[in-house]
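Okay, got some structures for you below.
In the two complexes below, chain A is the common chain; its partner is chain B in one and chain C in the other.
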Partner chain A sequence: MYNRNNLKGWLYLLPALAFVVVFMVYPLIDVFIYSFEESYNFASQTYTGIGLYNYSYILHDPYFLQAVKNTFILVIITVPLSTGIALLISLALNSIKKLKDLFQTVFFLPYVTNTLAVGLVFMILFKKTAYSEGLINLLLNSIGISSIDFIEGPYWAKMFVLCFYTVWVVLPFKILILTSALASVNKDYYNVARIDGTSKLRIFTRITLPMISPSLFYLIITGFIGAFKAYSDVVALFGTDLNAAGMNTIVGYVYDMLYGNSGGYPSFASAAALVLFAIVLTITVINLLVSRKNVHYQ
Partner chain B sequence: MKIVLEHLTKQFISRHNSSEIVTAVDDFNFEIPDGKLVGLLGPSGCGKSTTLNLICGLEVPTEGKIYFGDLDVTDLPPENRGVGMVFQNYALYPHLTVRQNIMFPLENLKGEQKLSKEVMNEKVLEAARLVQIDTLMERKPSELSGGQQQRVAIARALVKTPGVLLLDEPLSNLDARLRLQTREQIRRIQKETGITTIFVTHDQEEAMSISDLIIVMKEGMMQQMGKPQEVYNHPANLFVAKFLGTPAINVFEGKILNHKVYIGEDMILDTDAEDQEIYIGIRPEGFIPDKNGSFRCRFDRIETTGRDTSIVCHNDSCISDSDIRVIVDSDDEINNDNGIIRFNLKANKTHLFSKKDEKVI
Partner chain C sequence: MDKIKELERKSRARNTAWTVAVFALLVLWAVIVLFPFYWMLLTSVKSYASYNAEYVPKFFTLSPTIENYVQAFTAVPLAKYFVNTIIFTIVTTGLMLIIVVLSAFAFSRLEFKGKNLVFTLFLSLMMIPNELVIITNFVTITNAGLRNSFAGLILPSVTSVFYIYLLKENFEQIPDELYKAAKVDGTSDFKYLWKVMIPICRPTIVTVVILKVIECWNSYVWPRLITDDENYFLVSNGIQTIRESGFGRENIPAMMAAVVVISVPLIILFLIFHKKIMEGVSRGGTKG
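So, the complex of A and B:
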């Protein structure tokens, strides 16, 4: 009986499994193999040798190093910032009574808005055109600071726009998750704490934070992974020639190595992809280890 | 600490219809003497929790005053009232151990009241011993049984030695056996500490068994307050009579004519009261089977549950939801004449209520 059920179970899983194997496992293994095959050629399907040359090449490629740097800056700035801001906004939303639903909707709107529309908003905010300086520059001018070219200007300005954009884009989802996490904390905990004379700060650190820690942890992990995989947003802001703009990311570098103007190097692309894989894996494992002590599942 | 409520009223805007006002607590006036265990009793939704929340300060009264001793606490925030409260679901912090949970209130103390680590540990242990959970200090709430969680919650409420302890349906999440045990524990803890305690329940047996005083509520209004046995023996109105006692009191329609009480054709008692339409409540233990008795019922069956023998019978004037239930001694002789059984009634177990306002006559 057990065996038959088991068999049935596997049978039900088969379509999904087949899918996963064909589109996830096989490519993964393939990428792994590519990354060790030196000078692999798509057309002739030949390679000259097996070794670590591909890794050595990309680790000495200034474009790759720039991409790693950009990605890390993006991750380190946007993950804590977006989570923190989302938490603040959610706490505020949770404490107001009137118009709560309205504000919740307002904060969630960007999530259901088309990326292109969001991009357009950013153009209006930041982009200098022949006709306009962009809204931010107008603001800067009004307080006596001269215009900055956020799209083609200095590195920090471009990084600022990228981080701003990334935080903006991920915020609605995080707010949604956190407001529902906060709303699901039983009010009695707060009532007990009030009767016991617990200060606001202590209520937040000793009750609220532990109670919502699973959601927070989920957001941090997915935030890290998402930011490490940043690519399309960068293209939306700075165009496709990211190496020239100095704004490439690791995923962007992988893409360029495959299909970009300088592309056609699946081996380098595979090696870069595996480096990214190793980084994400390491960070996620660290996250999991940290969470074991600080996340409280009920 | 004695608690005095003066014209205490709390109104809410209805949750279902925002133009409607719900009076959850309606003009409460009573005094709870120092050091007593008081059971606040009433059906679900009658305003018991609201009353507790007003006393502890989580809710602000619409009208009226609350005094602890001689001190007017109406406008004091909860943390300055010196109350301990136990919620129905215990509200133990799930991520903290038993020790940390009990210590939590102590760690909130600031300034001059701040305690040293040793004093805190000592107080925590003392509270834990009182409720007999001192062997489980390092466990998380999820690793405890319902009864143990309950006791941790009580220890946490007691650790600051509050002047008033409030328990909201403390037993309703426990199974029947634990409920019996735990209510004895609550009784014992209250006796040992002497803290004025109000405990809310919708279970009349629970309230009757451990309270020094009970307060019966209905729809926001206090119906009666007194010692449990007193209230049971002298219900102020039909609601109180029906609410207290298991099996429930048997209620009949009847009338008083020329100082005699009638149920249907049967004259059952003499009375001083005026002629009028009445309700008659007869406790299950108020019937004496007697083949010359004046009150006639149609016999249905005999049930024996544990030590009780009860006779189930019918009468057309009976307006209780269930059949008439009569508890008799097992050696009572049960007469049965063609399906008609006759009783005499004990006057002190038979209560007469005016049909107009359901108050006792």
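So, the complex of A and C:
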């Protein structure tokens, strides 16, 4: 009887197991192997040696360094900014009764939209063309600032658009999580504080913030991970040739190495992907250590 | 007495000011969220000539046209991208659902050797970013000769460890007594799964399906790696092609028409299921 059960259990599990082994476990091992195989040839599947050359190559590749720089700037700007704005909006949402559902639904809309498609709209809004300065530039002109080419112009302008769009894309998720965290704080705390005449600021820092700190840290951790993996929104704004635009990200570099104009180098791609993984892991561990000290779990 | 009234009046005034500020912030953000959608809709119904004639773009149009939509469907194979995406979404979601339900059932209801070990393995895989495994998958699919095919597009994304976990948790909430009663009646495991567990857990299954559909509809990276033949492009890749080589000239209204066509299905889905989607995402979705 037990044997029959054994067999049956594995049978139900078989499809999932097969796919997980082929498309997750094996690749996970393989990516390490690739990253150490030197001059791997895609067509003949041969390599000349084992070593750290791939890592050394990408760490000296100006495109990779540019991608690392872009990714770090994007992360450092958008993670605090988006978390802060999300907190502000969630607090506002939570303090109203009328229209709360409507606002909440509207704010969540960007989550379900195609990043590539809506990115195109952002590009149009910011782009300077032969016919028009673009809507954003016209707005800038009206307050006395001269036009800026946001899509093909100076680096900081491109970075600004990218950060703006990234915040727009990631905010729905953060607002959703923080609004439900805020709504689940026990109202008794607030009532007691109000009777004691506690100021709004003090209520926020002493009650609200500690109570929602687990959600907040969850968002910061996933925010860091997500921002480090930025790619599709960058493509949406600046096209697929990100190296030429000087706007590549680490993930973009991985894919470019794998496929595309400069592609065909799974070894370099693997090394870059592992460097990214190491960075993300380090940041996540730091986040967890910080959160252990500061997060209030009930 | 007057003093108290004075204080009350002041605090009410402060509250009103506060409410106004709160609503101002919410309206401002709502405008920022909705404006791109309005703009793409607006631009998509402006004619090519009138769009380009407007140095200062108008915020409305009195002569809407559908010429851009006609162009979007005739000048580029938008319908093809659309159908491809629908096939991809349906098949991927369907296969995933079968696989996920079967393994969640095995994990939650059946007893067999090695179950806990495999489950721990699955859980630990949840932390693995897609970027790490995509490289080998690309090589695997390429070597299998599955580039530019639906099999190549679909196969790597038919399992989701996270959804297995989600569904397993839900299955485990069904009381054991039901299972024992069914066993006494001589019901087979499969029939029990089909007739009892799936109907009870329908809300979770619907959530999983919706989230997967959104993910499929928006997927870009893998399709881009694995297809370079337009006949297998999904909408995301299609829109990127339209952007780069599109209509032979910079035809922004037609581009926006394509963007509208691509965005509409998910927006409709969202309008119908927004409660479910938001609930599902807050239970453990992240973007991407």
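Rule of thumb we're sticking to: the second predicted complex is superposed on the first by the 271 of 298 C-alpha atoms of A that agree within 3 Å, B and C clash if a C-alpha of one lies under 4 Å from a C-alpha of the other, contacts with A are read in each partner's own complex, and residues count from 1 in each chain.
Here is the rule we go by: a residue touches a chain if its C-beta (ideal position, glycine included) is under 8 Å from a C-beta of that chain, and two chains touch if they have at least 3 such contacts.
Computed from a prediction, not measured in an experiment: that's the story for all the values here.
S.K.: Should A:Val254 be classified as contacting the first partner (chain B), the second (chain C), both, or neither?
M.R.: Touch status of A:Val254: second partner only.
S.K.: Counting only touches as set out at the top, which of chain B and chain C does A:Thr208 meet: first, second, both, neither?
M.R.: After superposing on A, A:Thr208 lies clear of both chain B and chain C.
S.K.: Of the partners chain B and chain C, which touch A:Phe23 in the superposed model: first, second, both, neither?
M.R.: second
S.K.: May I ask you to name which of chain B and chain C touches more residues of chain A?
M.R.: C
S.K.: Could you tell me if A:Asn54 is touching chain B, chain C, both of them or neither one (first, second, both, neither)?
M.R.: Neither: A:Asn54 stays clear of chain B and chain C.
S.K.: So in the superposed three-chain picture, is A:Leu176 touching just chain B, just chain C, both, or none of them (first/second/both/neither)?
M.R.: A:Leu176: touches chain C, not chain B.
S.K.: Same chain A residues contacting chain B and chain C, which ones?
M.R.: Common interface on chain A, chain B vs chain C: nothing in common.
S.K.: Where on chain A does chain B make contact in their complex?
M.R.: Residues of chain A touching chain B: 186, 188-189, 191-199, 202, 206-207, 210-211, 296, 298.
S.K.: Could you list, by residue number, the parts of chain A that touch chain C in their complex?
M.R.: Spelled out, the residues of chain A in touch with chain C are 5-10, 12-13, 15-17, 19-20, 22-28, 30-31, 34, 42, 88-89, 92-93, 95-96, 99, 103-118, 120-122, 124-125, 129, 131-133, 135, 138, 168-170, 173, 176-177, 180, 222, 225-226, 229, 231-232, 235, 239-240, 251, 254-255, 258-259, 266, 269-270, 273-274, 276-277, 280.
S.K.: State the interface residues of chain C toward chain A in the complex, per the touch definition above.
M.R.: 19, 22-23, 25-26, 29-30, 32-34, 36-37, 39-40, 43, 51-57, 98-100, 102-103, 105-107, 110-115, 118, 121-122, 125, 128-129, 131-140, 155-156, 158-159, 161, 164, 189, 214, 217-218, 220-221, 224-225, 235-236, 239-240, 243-244, 250, 252, 255-256, 258-259, 262-263, 266-267, 269-270, 274, 277-278, 281-282, 285-288
S.K.: Please give the residue numbers of chain B that touch chain A in the complex, ascending.
M.R.: Per the touch definition, chain B meets chain A at residues 56-58, 77-80, 83-85, 87, 89, 91, 93-95, 104-105, 107-110, 142, 156, 160.
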